[in-house]
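In the two complexes below, chain A is the common chain; its partner is chain B in one and chain C in the other.
What follows is the complex of A and B.
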């Protein structure tokens, strides 16, 4: 079963002065086993959208299909625990939800909550911590005494330890140092390629979209305005320009050089290729 | 007299782990200084020490020449505005309007002027439509906009930004950065920005680089950010222009303007025309 939104509306605080329509008639199908980026200006509904995937939010109208579940406002949405075991959601600033005495215990909380045995939970948690780049010297430390970026890794490990099929990450690299952000994105690619995880990433980093994602969903004012393959989005047609978002760095340089008379293919796939193409132009090969 | 002078600062959360080790630096008046470093290198800890949220173990912190201690902390905090990484930590008001008003009231702004100031800054950060919304119900990026408006409205002499725009979309980030720059110029505001954004670093006057609690580099970004391998070792990243210039250098094309994209594009263009 795919992941799909069918005519989904979501209204925050209905019938109050704070009423706010965050999602407007969303029709969207997310491909399984792919990495999908969700981008758009602040307040466009990205977080609201992804919080529907594990039934943290239930549509005001319409239906969300996820794996073998169907979620809508007019039916009782029972047994959400089994859904949440298969769809792991990592919030913005997940580090504020750490609470256990030690890092290892904190990561183990999820697996234990899903009735895994103590030993199994410990093993899974240690593996998850290794995946996010935290070695055993961290196990017995307090999650409150480490840096913001390290806390983020602990929080992500907490979800990985549950081993969900679908991993939903709301701005997972915001606030990480550049090497940390890079290794985090590489981890998601590995989880996708090696373990066939379906991954959704809410992000503002267009370089990450270009370099690591398969598909991209663009949101604006509660609506989905584009849903394409990443390569089509950046290199075919005008959609990337129409949405008025800053291009990834590589494409910005290519654009700037083209404006100055360089004949460069915008599809150049990495920095080495770009350097070679520039050299060719300069030496008129 | 410098707005921020830190000398031989040391701090640890517990005895085993020194978070800040022998840190000394100066932020010049009216400068835009960036503070960068890997996660856990001590950046946010330094910000918290400067505003007296954490108490130093050794060393001294001078703000406008005045030593930070229990007697001076209140008056020093009036000079410094800080925007934290997570804006949820600093909302007080029930609505966006109240929240911005709160800081102004604290600074004894004349109530007659208050509405105009609130609207000006809410407008500048693009949140005018949300004046009557609850801050806690806004999106992450919108919260950051409100937090920034609340601090800027008070026109602090010194502004500390702790990854204050990490959750904004690229356009939003640029809007906020140019607003900060404008206020920085108009009011000769001193800015210390903790960031992971290499492009912001390249546009700043001065950069301080931290690694494992110590300052390892301190100077002009166009000189400090050129060694790609060293930056990677420090768990950071070189600007894209530097990386491209390194690749070109391997192919025998040596450029002078590695630290600045526009300069590099111009230089390449001249090379193209020459032959």
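What follows is the complex of A and C.
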């Protein structure tokens, strides 16, 4: 079963003076086994949208289909725990959720909550910590004494150890150094390619969208305005220009060179290809 | 957590909202004193009608206040129960197979109920019509004569306003951490006793950590901007009293006066 939203509305604090309509009639189907980016300006409803995926929020109107589950407001939504085991959600700045005495214990917290055996949980947690690049020397340290970037990795390992089929990440690279962000994104690609995980990433970084993602969903003021393959989004049609977000650096370089009179194909997507094209242009002169 | 009706500021446009917070604060204290005088039903009728009148002036909804009373229902039932058992004065009102319920028991309970209701109404009018920050300004102003004796009026007002400022932030933070831990399989409603303790721990520890961190950051930010508690500083918002404040004060003192006169 796919992941789909059908006419989903979500209203915060309905019937009060603080009422706010965060999602407006969302129709969306997300492909399994792909990496989907969700982009859009702040306040466009991205975080609200992803919180529906593991039933932290239930739509005010409409239905969310996820894996073999169906969520809507007019039915009792029971046994959400089993859904949360299969859909792992990593919040924005997840480092604030750490609380255990040691890093290993903190990562094991999730698996143990989902009734894995102690031994199994330990094994999964160690694997998850290795995946995020933290070795044995970290296991017994306090999660509150390490650097911000390392805390982020521990928090993400805490979800990976649950071994969900669908991994949802709300701005996982915000505030990380470029190298850290890159290795984080490469980890997600590996999880997708090697373990066939479905991955959704909320991001502001268009470079990450271009470099690592398969599909892209653009949101604005609580609505989905486009949902396309990444290549189509950047190189076909005009939708990329309609959204007010900085283009990926590579595309901006091509754009600037074209403005200066270089005869480059605006659809160059690979960095080596671009270098060759520039070399060709220069040797012509 | 979003239904806290008691003590919440309601941004309405009324004459009570525009009054000087200092006068409102003092008026509240005077009315509280009046409520505690044993003035009988006539006294409560006077206070009650004045409070109801101010409630209307402040454009507040009586239903809202009654809703705020709901949590006290249990206490009142308990009180009635204890009173009927303990108080054995007055005349017999009901005779239940030899168990006598005396009139004073019922009247005493009624008194307490009316007092509680009036007190809640008075405080709600104050907090609903005055911004928390204005209220702390008023506290600072009212205590400032005590500065001469080394009373830290400004510091206390600053502490109160910082505490008030961070209540919504903490509520947001709690919701966020609850959701994050729910994603890790925490279930606050079900589970064994041990699981529940772990669930609460997983909420409280991060909350403490981030609160301490935030406090340190705030202190740094204040120091970076040269904040010294004892420094002399001016204020953007000046408290001004007008005719309506004096009129209100006069009415409140009249209420107190008549209540004292009745209870003598």
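Note that in this section the second predicted complex is superposed on the first by the 284 of 285 C-alpha atoms of A that agree within 3 Å, B and C clash if a C-alpha of one lies under 4 Å from a C-alpha of the other, contacts with A are read in each partner's own complex, and residues count from 1 in each chain.
Keep this in mind: a contact is a pair of C-beta atoms (placed from the backbone, for glycine too) under 8 Å apart; a residue touches a chain by one contact, two chains touch by 3 or more.
Everything quoted here is computed from the prediction, not taken from an experiment.
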Three-chain arrangement built on chain A, chain B and chain C clash or fit:
clash
Between chain B (first) and chain C (second), which does A:276 come into contact with in this model arrangement: first, second, both, or neither?
first
What is the contact status of A:79 with respect to chain B (first) and chain C (second): first, second, both, or neither?
neither
After lining up the shared chain so the two structures overlap, which partner does A:96 touch, if you call chain B first and chain C second: first, second, both or neither?
both
Identify the partner contact of A:13: answer first if only chain B is touched, second if only chain C is, both if each is, neither if none is.
both
Quick one: classify A:119 as touching chain B (first), chain C (second), both or neither.
neither
Applying the touch criterion given at the start, work out whether A:146 contacts chain B, chain C, both or neither, answering first, second, both or neither.
first
Partner touching more residues of chain A, whether chain B or chain C
B
Touching A:135, do we find chain B (first), chain C (second), both, or neither?
neither
Taking the superposition as given, does A:179 touch the first partner, chain B, the second, chain C, both, or neither?
first
First, second, both or neither for A:238, with chain B first and chain C second:
neither
Overlapping segment of chain C (options 42-50, 114-122 or 222-230) - the one that collides with chain B in the superposed model
222-230
Which residues would you name on chain A as touching chain B in one complex and chain C in the other?
13, 96
Touching residues on chain B, where the partner in the complex is chain A:
13-14, 17, 37-41, 44, 85-86, 88, 132-134, 137-142, 144-145, 163, 166-174, 196, 198, 232, 235-237, 240-241, 243-244, 247-248, 250-253, 261-262, 265-266, 268-269, 271-273, 275
Per the contact definition, I'd like the list of chain A residues that touch chain B in the complex.
12-13, 17-18, 20, 39-43, 46-47, 92-93, 96, 145-150, 152, 171, 174-182, 204, 206, 244-246, 249-250, 252-253, 256-257, 260-262, 271-272, 274-276, 278-279, 281-284
Chain C residues within the chain A interface of the complex
2, 173, 176-177, 179-187, 195, 198, 201-202, 205-206, 209-210
Chain A to chain C touching residues, read off their complex
13, 16, 51, 54, 56, 81, 84-85, 88-91, 94, 96-99, 109-110, 113-114, 144, 158-159, 162
